[in-house]
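By written order: A, B, C and D. Residues from 1 in each chain.
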Amino acid sequence: MNARDRLPDAAQLAWRAQRVRQATLAMLAGLSAEDCLLQSMPEASPVKWHVAHVTWFFETFVLEPREPGFRPYDASFRELFNSYYVGVGARHPRGQRGLLSRPPLERVLGYQETVLQRLLDWLERGAADPQALALIELGLQHEQQHQELIATDLKHHFWHNPALPAWRPAREGAREDPGALTFRRYPAELAQAGHDGEGFAFDNESPRHRVWLEAFELAQRPVVNAEYLAFVEDGGYERPELWLSDGWDACRREGWQAPLYWLRQDGGWHTYTCAGLRPLNGAEPVCHVSYYEAEAYARWAGARLPSELEWEHAARQAGGVQDGDFAESGHFHPRPLEPGHSAFFGSVWEWTQSAYLPYPGFAPAAGAVGEYNGKFMINQMVLRGGSCATPASHIRPSYRNFFWPAARWQFSGIRLAR
Amino acid sequence: MNARDRLPDAAQLAWRAQRVRQATLAMLAGLSAEDCLLQSMPEASPVKWHVAHVTWFFETFVLEPREPGFRPYDASFRELFNSYYVGVGARHPRGQRGLLSRPPLERVLGYQETVLQRLLDWLERGAADPQALALIELGLQHEQQHQELIATDLKHHFWHNPALPAWRPAREGAREDPGALTFRRYPAELAQAGHDGEGFAFDNESPRHRVWLEAFELAQRPVVNAEYLAFVEDGGYERPELWLSDGWDACRREGWQAPLYWLRQDGGWHTYTCAGLRPLNGAEPVCHVSYYEAEAYARWAGARLPSELEWEHAARQAGGVQDGDFAESGHFHPRPLEPGHSAFFGSVWEWTQSAYLPYPGFAPAAGAVGEYNGKFMINQMVLRGGSCATPASHIRPSYRNFFWPAARWQFSGIRLAR
Amino acid sequence: MNARDRLPDAAQLAWRAQRVRQATLAMLAGLSAEDCLLQSMPEASPVKWHVAHVTWFFETFVLEPREPGFRPYDASFRELFNSYYVGVGARHPRGQRGLLSRPPLERVLGYQETVLQRLLDWLERGAADPQALALIELGLQHEQQHQELIATDLKHHFWHNPALPAWRPAREGAREDPGALTFRRYPAELAQAGHDGEGFAFDNESPRHRVWLEAFELAQRPVVNAEYLAFVEDGGYERPELWLSDGWDACRREGWQAPLYWLRQDGGWHTYTCAGLRPLNGAEPVCHVSYYEAEAYARWAGARLPSELEWEHAARQAGGVQDGDFAESGHFHPRPLEPGHSAFFGSVWEWTQSAYLPYPGFAPAAGAVGEYNGKFMINQMVLRGGSCATPASHIRPSYRNFFWPAARWQFSGIRLAR
Amino acid sequence: MNARDRLPDAAQLAWRAQRVRQATLAMLAGLSAEDCLLQSMPEASPVKWHVAHVTWFFETFVLEPREPGFRPYDASFRELFNSYYVGVGARHPRGQRGLLSRPPLERVLGYQETVLQRLLDWLERGAADPQALALIELGLQHEQQHQELIATDLKHHFWHNPALPAWRPAREGAREDPGALTFRRYPAELAQAGHDGEGFAFDNESPRHRVWLEAFELAQRPVVNAEYLAFVEDGGYERPELWLSDGWDACRREGWQAPLYWLRQDGGWHTYTCAGLRPLNGAEPVCHVSYYEAEAYARWAGARLPSELEWEHAARQAGGVQDGDFAESGHFHPRPLEPGHSAFFGSVWEWTQSAYLPYPGFAPAAGAVGEYNGKFMINQMVLRGGSCATPASHIRPSYRNFFWPAARWQFSGIRLAR
């Protein structure tokens, strides 16, 4: 974490910790213990595991080194719910998280409740040093990240059930017309990039640094399904000349014909949403595309993807994040775009053509927490702006998300540049 | 099925169907819905799936073609719970059974109850023709087979939980000494083999036929852990000259050092049982060995494995199955052997050196039920005699079990011949 | 080996060793050093490697322990050209034989010439004991086996060259009509099986033993292409109910639509032969089918495959091997069948429904040579009778060839039983 | 290609084409046709294939659309020797290039000679338009790239021969001491990057553009073996905290313990060179390391890798490429570094921490040639400066080489930044 300027206040943190936990619990509404055990691929964890892991983070990094007379809730959890922190020790194999029927869901909920209570008690005793407060802040941000993963992972798990379960209320989706795609021009300049020091940010958003941007144009909204469908119908998935070489290999190997969760049925395209299978809505931002698809689409459209710093530069000028389409709605599906809605924030993550690499002068935090971001800076591409499954309080212009270019199970979409 | 001579009586079948279902339900004692969803490998299904599938068998093969105004309990179950019957239609992928959090366990239990009740009603109406009675008999035998698989599969699933859960009561295992291994000689003769027509048998046990047996000797009890441990300690897993070529490849590839479920810990060998981890008991029959290990052990011991018809010939002379160690005990673990106990039946399945192939004149049943056995007659080896997880009423001298030679998760052991 | 009764005479062996080497050299006619280096899959070795390996056998098992002052031709060859004898030491990885551009082909030919000369010198000195003579006999038989493999492996390598090279003269293939398929009946009896002690045989053909054969019928010729084509055209490769379960999996996984080397082109079926691509000749025995295809064909035809001892029993009564279609013709392709030609020997290997397992009382030879056959007795099916690539002097009624059931690159065909 | 400003002169091109071909032929000295067929992995092609492919480039892109009455040398070559140009049509599978014993090497050499002659004739006729001249220039640069690949691929092929063949003369390697590693500081500035328009450059080096560089320091020579050995001996390959997460996975999966071609033998480290196995020379630049190893080494050394534009910025100031260690020496192995030798050019390619991505405004050429570079702009990292196997006339400050981060078979080394 990097919140050096303004440290969070203990009381405020305590209040937020309870709010964040409420949001995590709200993710579980309507889910059974069986649902929470599903794991459809190594990269997508069970809901139960996510809940345990966000708790583990607080217990391991905050309580264990500080709580007087610390005793672990369950000594076996240290290994079971460690994700990838080699500095903490052994880790249960990622691909086998779905085999942990025990501890049962109930015990994991008790774990979360107990650790939160102990954290609050400890905070109340006023013993928290600045580093501890920063770690708690990091833990809350971490929990919010996992809230989004609960949505995307569960959607992937349920996709493997032929019944295509709906677990979220459907939205009355007016079939808006977002209007023609327009571009705005940004002149060349030596810009500032990275976190500016106000509020929390992850270490990978720092240091703030200068970057020379040549003049560019950026689309004023994401690509919508109707536009992407034209690419599909124009043979986009059959024309290797539109694709990166690795992208074409992935397309053939995986048999891609359309974005993930699109199904051709009864003569028309449908898409699986958290509210079940629905006819494709042309006005919604296209999502669940890989970087490869986004890049091929852009080439087909005579454009390109923006760099992450072009995106950041433009997004800072676009105004705040307040009008976005975020997790708080509880739908976990992007709304149709209305004319004039730029949707820089929320709605869908936007692939950039930037590889996920350290900023000049980047230094990870000391200790195991330093593994949070830095060690993943290879083979992944940056996405920006948050999605319909991101909590609104969790996003900002400098936020860097990252996935490998074939990943499709996130709410990932496309904004064109040129 | 092959029970042509004496057809089962409808009333007796109804009574047995209830008993068998009670036994299936008893398997679930102490298990949560989460436990019943686990799937640790494609070959080992979730408990919930087993329960649904045995019900599916009755619904699909008995009720659907006969019950007046038949309506499926749930139309989606036809595909979800079909194991491998291509004659019935599509099948949910075997490796994804663990992703079916829905239908929930409760609904599957309701499915079983409802289908059983409809079956009983239909039987009571007296409409059952001989073929239907034979199918119901087959369905009950089928359910008993799956009872054993519930035990072996669940043991495999739980093995992937670092807590090594115990879900069955421990047995007070007196540490018996089974005495030295002795062999009995059987002179050469033209013997009869296969099912003799009394009671139920699967189609693969027929037709009864003649076989010339050269003179042979057969061990009067299975190999026990203490004996197998001597093989391990003599470098059995490090000496390729003891192994079949494919066996040695499997041994290296899989990193075998001992039977499945053996763990070296605190300076001694332990074994994971359904009652948790326990110190290795030298007097228990060795189990969870592959054919490759059984065959290598036999070579090391200066002996060989028996052919399946040598085994059958000897077992018929050994008296009945009544003194065995079967599923009814509820332990699902072989008892230590007492001196003089031949254990032909129960305790552990015994690998034979016979490939699983059709008997001369074998003909599978017509229709989809004909897929029950015949289409698996390749790449597998025959095991005989039943195990500690086999219901006592389910085994007989002509019974042929079969697994591929690298399989280790069944209660499979060794009896030597020479 | 097992030629205990009549030991070969040294002078005769010397004469035969030269003849066999001539036959090996004749295999190389028209091949370049580049051709002799090809390796298209781990199971199919380069021609150069085969030549080196048959020489290695003589050097390692005959000369090394007996030749006074033995010095290896090249010390590195001991490991390079060891196939699978763990008793001899390390082995160059099988899948990397095609990476041995050095030693060059010329040096390998010199190796063969030198070792043969030393062997002849040593024989001339009259020092050969019975065991040595038996080993030389085994070595000659071994070399003949590899002559066949040179043909089948090279055909497989060339198949990967889009030019589909022809390296053997075409035969003027009169398009015979073999006539309708007829069956002969063999009554039940207690038969003798295995090698009868006259001449050479491998250890796996012994001991001679009794076997009870129930009455059976056997087709009086192999299945021909026209018959197999009817199976293809009847949807044989699309109907899972005709296949063993593992066979169907292989069929789907590998995308089989017809036997190996069949190509549909210009509206008709062609087949790749050692003389290049040719239109399919309906009168030729079908070959390059796997066990799975042979077994599915038999089911489709309302028949089955014979057991290996049924086959042996019938073949002994069919007269000698003299009228067959063997390697000596130099075509390496089965001739069209003429009416009345039983073709038990030569033409195509015939899959049997017998797993490759030890005969009762089987004992492999002591030492590394004992690895010749015994350690492969698992997961393979027996083929009988030799093929168009087998030397005529190499085959006999008791000869057991064996391959895993998915193998297709041998000249393997089908004879029906019922 | 991008040589728009100064077009090459036809006569000069003709002269260079002959020189470049001589250099290609010189690569084959001492190699047999068998050597030239080797293919040890899909990524490393046979020497024969390289020779055919560089000829194919001229035939397909220059002669075919321009030569009057063009007739292909061999129509089958169009597919056989197409590398990855989907715009040209089908391609022989990359992993099966080592199975093309035919056409034989001799015929491929005749192909090269004939096409070159036809190219020279056509040039002499004076018909070449600017685009054609640019394509020929591109073809020559392309051939030079493949000269380097012939060296690196053949080294990899030979590595799989236990004899570790030497095919290049050894260099009398004085064991220099390169002196301590020093860094030079470069102040922050808005720099120019990319090709400046003088002479040939690939399209991926354009357009020239501005980039803001923060102040940085760069090592004045590459890391040498003695320094890297300290990393190895300090447990560098056993400490996950030093590695990127994907790097650590690769390290474990591949069993890396040291750079490729290092062998521990007789108590000391050796390295396989094109002149055979030699004791490790501590003064030579370390090479055959992956990006993952380079990055881990840098972390261990308290430094980082430079970005590609930092490297380019510094290299432009370092003077020309004349003092480098290039392919012309014929050794294909980096010389020991002398004190003061910066070795920006030649010696070893230097991994940068920049992903291979398009420069702002990048546009690939139209048509199939446009596939040359652009479609590989994903999942690879940039290397700079050329190596001991790069022709001296082929390198320049703006040259961008690229490989995926696990690649080790190129002459790839490390220069530290901080």
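Quick notes on this one:
By definition in this document, a contact is a pair of C-beta atoms (placed from the backbone, for glycine too) under 8 Å apart; a residue touches a chain by one contact, two chains touch by 3 or more.
From a predicted model like this one, the values you see are computed outputs, not experimental measurements.
Averaging C-alpha coordinates per chain and comparing to chain C, the farthest chain turns out to be A. Per-chain CA centroids place chain A at a distance of 38 Å from chain D. Mean C-alpha positions place chain A and chain B at a centre distance of 46 Å. Measuring from the averaged C-alpha position of chain A to that of chain C gives a distance of 59 Å. Contact with two or more other chains is made by no residue of chain C. Chain contacts in this assembly form a single closed ring in which each chain touches exactly two others.
By the touch criterion stated above, chain A contacts chain B in their complex at residues 32-35, 37-38, 40, 76, 79-80, 92, 96, 98-102, 104-105, 157, 160-163, 165. Per the touch definition, chain C reaches chain B in the complex via residues 84, 86-87, 190, 209-212, 214, 216, 240-241, 243-247, 291-292, 295, 304, 307, 353-355, 357-358, 360-361, 371, 375-379, 405.
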